[in-house]
Amino acid sequence: MIIVMRVGSSDKEIAGVVARIESAGLKAHLSQGVERTIIGVVGQIYPELRDRFEMLPGVDEVILVSKPYKLSSREFHPLDTIVKVGGVTIGGKEIVVMAGPCAVETEQQLLETAKAVKAAGATILRGGAFKPSTSPYHFRGLGEPGLELLAQVRREVGLPIITEVMSPVEVELVASYTDVLQVGARNMQNFSLLVEVGKSGKPVMLKRGFSATVEEWLLAAEYILAQGNDQLMLCERGIRTFETYTRNTLDISAIPVIEKVSHLPIIADPSHGTGKWYLVIPMALAAVAAGADGIMVEVHPHPDAALKDGAQSLTFENFQMLMSQLKPVAEAMGRCLASPS
Amino acid sequence: MIIVMRVGSSDKEIAGVVARIESAGLKAHLSQGVERTIIGVVGQIYPELRDRFEMLPGVDEVILVSKPYKLSSREFHPLDTIVKVGGVTIGGKEIVVMAGPCAVETEQQLLETAKAVKAAGATILRGGAFKPSTSPYHFRGLGEPGLELLAQVRREVGLPIITEVMSPVEVELVASYTDVLQVGARNMQNFSLLVEVGKSGKPVMLKRGFSATVEEWLLAAEYILAQGNDQLMLCERGIRTFETYTRNTLDISAIPVIEKVSHLPIIADPSHGTGKWYLVIPMALAAVAAGADGIMVEVHPHPDAALKDGAQSLTFENFQMLMSQLKPVAEAMGRCLASPS
Amino acid sequence: MIIVMRVGSSDKEIAGVVARIESAGLKAHLSQGVERTIIGVVGQIYPELRDRFEMLPGVDEVILVSKPYKLSSREFHPLDTIVKVGGVTIGGKEIVVMAGPCAVETEQQLLETAKAVKAAGATILRGGAFKPSTSPYHFRGLGEPGLELLAQVRREVGLPIITEVMSPVEVELVASYTDVLQVGARNMQNFSLLVEVGKSGKPVMLKRGFSATVEEWLLAAEYILAQGNDQLMLCERGIRTFETYTRNTLDISAIPVIEKVSHLPIIADPSHGTGKWYLVIPMALAAVAAGADGIMVEVHPHPDAALKDGAQSLTFENFQMLMSQLKPVAEAMGRCLASPS
Amino acid sequence: MIIVMRVGSSDKEIAGVVARIESAGLKAHLSQGVERTIIGVVGQIYPELRDRFEMLPGVDEVILVSKPYKLSSREFHPLDTIVKVGGVTIGGKEIVVMAGPCAVETEQQLLETAKAVKAAGATILRGGAFKPSTSPYHFRGLGEPGLELLAQVRREVGLPIITEVMSPVEVELVASYTDVLQVGARNMQNFSLLVEVGKSGKPVMLKRGFSATVEEWLLAAEYILAQGNDQLMLCERGIRTFETYTRNTLDISAIPVIEKVSHLPIIADPSHGTGKWYLVIPMALAAVAAGADGIMVEVHPHPDAALKDGAQSLTFENFQMLMSQLKPVAEAMGRCLASPS
């Protein structure tokens, strides 16, 4: 932690800050600059200290230099984490493709989609049974019957499944059906939910909040890792900016940033990230070219009749086109598409 | 709902859209413009329809004109809602001041603060027992013992209390202690929590999410109102923008916007909204001048020793200065400070 | 400047950074922390140094602690700057009100408006002759004939005038007519324009860019001050955020921030800041309660026939209402409205 | 244009709006909805009409459905524009790579870089002679001597050049030296500059403003096209968001968006878009995978000694690595790297 004193701060003020540092069991290193004094603070720093020192007379600014996340950082865990889901490994050389409808609607819709995406090369089936909805008057998912349909289709088609969990009280239920628990963007800082999925022992995919910085995202990951669950991957799904042409702005640069600062696998969701089906293919290709370990896309047999998010869903035909374009890009990156187990 | 066709869309495409409109039980009104055709859709519109029509051949854009919120809108409820907390009324002529520490730490800290803020004119005591924390390694509140301290201090000092609830499973517990349930910014779209506080029957204060639009905020309010709980107020607490000088950007314009489009009382929180104690007084005055029904501010006996958010907390002296400046501004607005019951 | 080394950086890397510091004529202060080494750099720091050190092996981050602006900062110029325009002083106890049409359209429109705003208490007349326009197909102002109308109405009505200048080649022309040169938001970083208005010797009002931080705004001010022109005031006019209900988000907190870090007067423009006439009055009151030295508002005899920005213009009647509400708020703040000279 | 009336607007209000529409020479189409009346307006619409109708009694909202840009839109110009620079074509099958130092510093620096980037496969040399600088105290380029160095190195090495022009008065000078005029992000709405580069007849590259929407960007392009200059390309270089890890957020989704709505070639600048050299390669690959027609990157012989933007510059070695990774990605997209003429 570094304490920047005001221009013209008095010796008494500087002595006061030093005394406070020492009374907290820390050590102070003074640097007398041309304009002002800077005090380096050495010892076990925790972020609350910032607020306490920022209040002291003569202090201009307090700068934290330690990164507040540990378990998720590459500095403390240099090797890539590999998440295993059924026979699929995520975070290694293979690119994983998770595909399926936004929401589970009917057995036929889910079964048909699962067969189509598997045939085209997807390795995990996605589908929501509990759906967040901005309005209380919209479709909010089938609930447990949706989970049962997912489990049934997994048996028939042979793809592991990922589905969202929205409340700490539902973690046990959802975990009993799914292969991967998904925490959605709106719940990235739902801390009691994070603790529960951490305890579940199931693989987890944590989506980035609409307006979460990379640091806040990794701190949310820290809540899960701190429960001893290391089967965690992150998912970039678009941030909120001033631009309204796209539903969100898919932050592709977050992919190499995560790769640099963290060991966790990183997935991209171009469907929610753009909100428009015709942007899904180019953004999926971009994500893989930027180093993503996988993509998650929405596919629906009849997007124009979908109960949710039709405008961002691919038809079976468009999904096949995506897969045929994704293969050479993955290979150009020295990687390959994961093959269904 | 309005469907804007592409420039050069064919008669067949237009006929296809019309047929789809009619098969959904709606009526189509065609307008042949200079460049393109526009189709007005009349009937019971729900937002999912947008996605379905945006997919159809020849369609350029679909525009929803109905506002998606109803119960919270002034169009459907023209008169101001008045929320009653103990003897305090919120949303009428009086300006309510809620003050107290960010987090409940000790009996002495809370009692001392409660007495000081009451003496200076506050009418509701704030204090967090369950605290959201970006990092799992920070102080997260005392939990139930904190609620007990709040209840005890309420008895001794005679101020009603407001405290945050973070999880649907804790609503019953927190409601058994507090006068007002607060839903924090991170939980604005924690839909299971919204439903539970709606069911509780207690007055609720719903904070705006960091990156929530006014429309999303009112839709979150809708979740609570739809449970039959009309004792609801909103709280603007700053949005996330590119500016980093302040912790958040307190969106003062949201105050007159809410007043125009909704009947719910609107409170401002300049402590979280700015993150710096020396900005709290000017922003509290600005909020009241813009029409806020009250303010919520953090006060601590020793901000430099606070366990949480010291940098944005007022000392007792600064709080008195705020109150003495707030009074004439409230009067200039034709209002007055609520007096402690 | 502080250089934060990576966790586990080698002695050789640290020595390399120190050697580079010393070869640049600076001094290095090492702090050996628990996790990593931090190097304080003392001497004449300039911002480009940051980039150079960030490249060196073993370096994690470089933090600049000096503020990059000098002439505009309160640290280097503690007393408030007072700008004088005709008989009006800006930056002292008086609140200045600048009012008039967005664009000068006709003699009658301008004359009628000037008389009405003067009668209601405005002290400076605003009106655009050169207008920025997002589209090349929209009205872009009358040009020099508009300046002539402004000068003529000034003579007839007796109010000093403020008008925008958009190009360095037009500074001399506009300065020959106006009392205050306005630099608009889109031109905040039009550096050749800043230099020219600095040289003009005329009072200048510099609007904040849509997406400019406070620091960038003060650096733009620095361009003008560095030309020896100290008759400079700043104007907050709204920043671009994700919220689309308002045209921009008027950042009221920038007002007390500027007051703290700079000695320059600060004006607020609630017309452009909100884009909706019914938000202008509450936001003007809020700005003054937050400490603004003045406001600039758009007034038009017939907003529904305005060639530009009618939706954010006040009628004469609404402007009178604003002035009657502004007076008690100014007085509650211990200030008063400037009276026309 | 569509006028949405308030819920409960009176017949008289509706008649008033219709009368106003007709008196403007337009036609009104009424749609009586369940909740409210909607009026379609047909005729020659221009955006100022919006403001005028939004003021009328009973009107809730006015929605423009025509896109305000014409010459830059694909609807009015379906075929891709091809820009020709020396022997290089931009906007066709080939991917163009523009590389060179941020700022021209010395003959040796420029010559050495030009040779290195040409050897690695770049087809256009970039280098700034007039440099925008946030602070007046930083390096602002060599000016005309920098242009002379660019011209000299072009002769020696045989690469066409691109360089920035910042002021309308310098367009003629810069155009006499360069092959492509670059308009920077800060000048995207410097309208007098746009007009001058339009008149110059030279190929132009227009960078997106920090906080410009796609629509505003295309309207800025419209200023140039309206002067009869069709040799125009766009460049995405990052937008300003709340995320501070990267210098800007490179909006990769703008690439397929521009491709869909416009016929102009689209380039990406991952150097300014990220501000960190180690993100340049993954983001350059992502841009090409998303469909970009080219990239512009900063290369410097000694980034740690660069006068400007060293932290985002590639070394020669890193640039070679970029080129060797870009080739297979371009081929995977069915394209190829442009070869130096």
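The chains carry the letters A, B, C and D, assigned in the order they are written, with residues numbered from 1 in each.
What we mean here is this: a contact is a pair of C-beta atoms (placed from the backbone, for glycine too) under 8 Å apart; a residue touches a chain by one contact, two chains touch by 3 or more.
This structure is a prediction, so every number in the text was calculated from the model and none was measured.
S.K.: Please indicate which chain is farthest from chain A, where distance is taken between mean Cα coordinates of the chains.
M.R.: C
S.K.: Taking all residue numbers used at the chain A/chain B interface, answer same if over half belong to both copies and different if under half do.
M.R.: same
S.K.: Chain A to chain B: how many Å between their CA centres?
M.R.: 26
S.K.: So what's the Cα centroid distance for chain A and chain C, whole Å?
M.R.: It comes to 38 Å between the two C-alpha centres.
S.K.: So the centre of each chain is just the mean of its C-alpha atoms; given that, what is the distance between chain B and chain C in Å?
M.R.: For chain B versus chain C, the centre distance works out to 30 Å.
S.K.: Two or more other chains in contact with one residue: find those residues in chain C.
M.R.: 211, 240-242, 244
S.K.: Once you've mapped the touching chain pairs, tell me: line, ring, star, complete or other?
M.R.: Shape of the chain contacts: complete, all pairs touching.
S.K.: Quick check: in the complex, which residue numbers of chain C touch chain B?
M.R.: Counting only chain C, the residues touching chain B are 211, 213-215, 239, 241-246, 249-257, 260, 273-274, 278-279, 282-283, 285-291, 325, 328-329, 331-333.
S.K.: Over in the complex, which chain A residues touch chain C? Could you list them?
M.R.: Going through chain A, the ones touching chain C are 2, 4, 6-8, 29, 31-36, 38, 40, 42-44, 61, 63, 65-66, 75-76, 211, 240-242, 244.
S.K.: Considering only the defined contacts, which chain B positions touch chain A in the complex?
M.R.: Touching chain A: residues 46-48, 50-56, 68-69, 132-140, 166-169, 186-187, 189-192, 210-211, 216, 219-220, 222-223, 226, 240, 277, 303-312 of chain B.
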